[in-house]
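A, B, C and D are the chain letters, set down in written order, and residue numbers restart from 1 in every chain.
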């Protein structure tokens, strides 16, 4: 399924507003969170930071989405900015636009049921996986690795050569 | 690089001795450990168990290799058997054969430098990655996911269709 | 050293404002934190909650102190209230009063150098220990246990009878 | 209740065999474990090591007791010695003597129901607490702290002066 576009009112950690359309060509990880959600602070955000450290930025884009659906006065952009600073979050974070209903617009469009939610898009902007709550790193790594190899195969047509570029950090014997 | 064959004197958790040749067609994870190595008990073996839980057995084979290179009298097969029982290890475990030098034979053939070591083989028995010590689950998951997709692509020839079967456990929106 | 009095502008989780003077007769644990301080969220507050669960409320009083000294607009009482709700913090929390200098008043009076800070008072309101950052639970437990026994001894004068009432939860063989 | 005496066939990490009688005057922590018990390796032994690091040796004696009641051939003194070396266990460890029944002698005398078990003795050799399984460090610290204060009070007769020597590592404001 093609991912809907983001509806963001304000961006942090990027000079230019991002669109999923502009991110095509890269795997995209959307980490949807609320700054006062304990599961986001303990699991979701550390996982997003770990993805950012593990994969090259030009292949895997990590973006945060602040999907506030409760305690709106407690989680304003002013508070979010301090939160990003204190937790040393350096990937781009967009503030999801409040809509007419209880959920902000992007959260609704993606059918997210809570926070933290992690949505994985392939290089063509298709939704490949959608996780709510705590995520297995082995499982998520496998989903990302599958997309990274697919890209190489697509590029090389039918040649089906394996891309071993993931064997970084000197731990690969090939 | 093609993996050398195992040299095992005794197997646990399997009625039939395993060979890497017979495991071709599946991704293979070799977890080399010593039962009294703290890093193996705290990190290596739990990781191998997590791989076993995350991926289908018919696609990813997890095998343990007891590569004793110190305290030989303390880590005999009798002690290993109790260890496997107490730690609820259910994947096949082979005892690496002692050789003429300080390291057992399989450990030497693979060029392993210590324990825990994790060696990842693709479906053709080629060594794809070789990790010593603590391993990132995102990184390892990515390596395995890359191989699982590669297999599908190979099977389907140039069609380059993505295999989404990893989106299990109901968390996939595709 | 006798503890200075608290200077608090607003209380949460209590109908009546607290004073250290009124808490005399109980051991008091003051957990000073900022809601956007990662070390407070990961270590300080879980420790305070664990103290609250471990010791009887009538013997050990746990109170939080929101000592904001940076990002003031991001950590207003409105945001604090949502934070307390989401993190299920049920002990009384006071907002430390901003003063003329960079640090709020109570933080200054106690000479706290950062967050999280934990200050332990004996039953007479004397400062017994003052920890900054991550605290050893064995060490802190020892300090509290020492005070609980001391109380009994004081009450009984020179009789020096041991109070074994800490052997709760059925794990004591005496 | 006065603790029964140990019945040990072999000691490690000490030149002289220990008796509880000789340890009188110090608080004693007996950590009963089996080297192939996962709960002992993950919780019991790290806790005993943490006690050893937290309290001065002349006030709190930590001793291990290898209470094998299953897999006897797998947990011989030869294996235990390698285990102690690999896990960097430096406190004295005695091997509990096998008896006529299924449990070794000291384990029976103390009424231990499994491993890990932790038994806390006061300075007079009385059993103060007896924990099976995972232990709260706050709770255990409190029990030890209570005994350390009691000692001082006893020494000083009716003076009831508080011993603040636990406020070590520079974290005490008194």
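Just so it is clear, a contact is a pair of C-beta atoms (placed from the backbone, for glycine too) under 8 Å apart; a residue touches a chain by one contact, two chains touch by 3 or more.
All of these numbers come straight from a predicted model, not from anything done at the bench.
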{"item": "Reaching chain C from chain B through chains that touch each other, fewest steps", "value": "2"}
{"item": "Farthest-lying chain, centroid of Cα atoms versus that of chain A", "value": "D"}
{"item": "Averaged-CA centre spacing for the pair chain D and chain C, given as whole angstrom", "value": "30"}
{"item": "Interchain centroid distance [CA atoms averaged], chain A/chain D, Å", "value": "49"}
{"item": "Separation of chain A from chain C, taking each centre as the mean of its C-alpha atoms, in whole Å", "value": "38"}
{"item": "Chain C residues counted as touching two or more neighbouring chains", "value": "none"}
{"item": "Pairwise chain contacts under the document criterion", "value": "A-B, A-C, B-D, C-D"}
{"item": "Of all residues in chain D, those that touch chain B in their complex", "value": "36-38, 41-42, 70-71, 73-75, 78-79, 81-83, 85-87"}
{"item": "Complex interface listing, chain B residues touching chain A", "value": "1, 50-51, 54-55, 111, 119, 122, 126-132, 136-150, 153-154, 157-158, 160, 162-164, 166-167, 169, 171-174"}
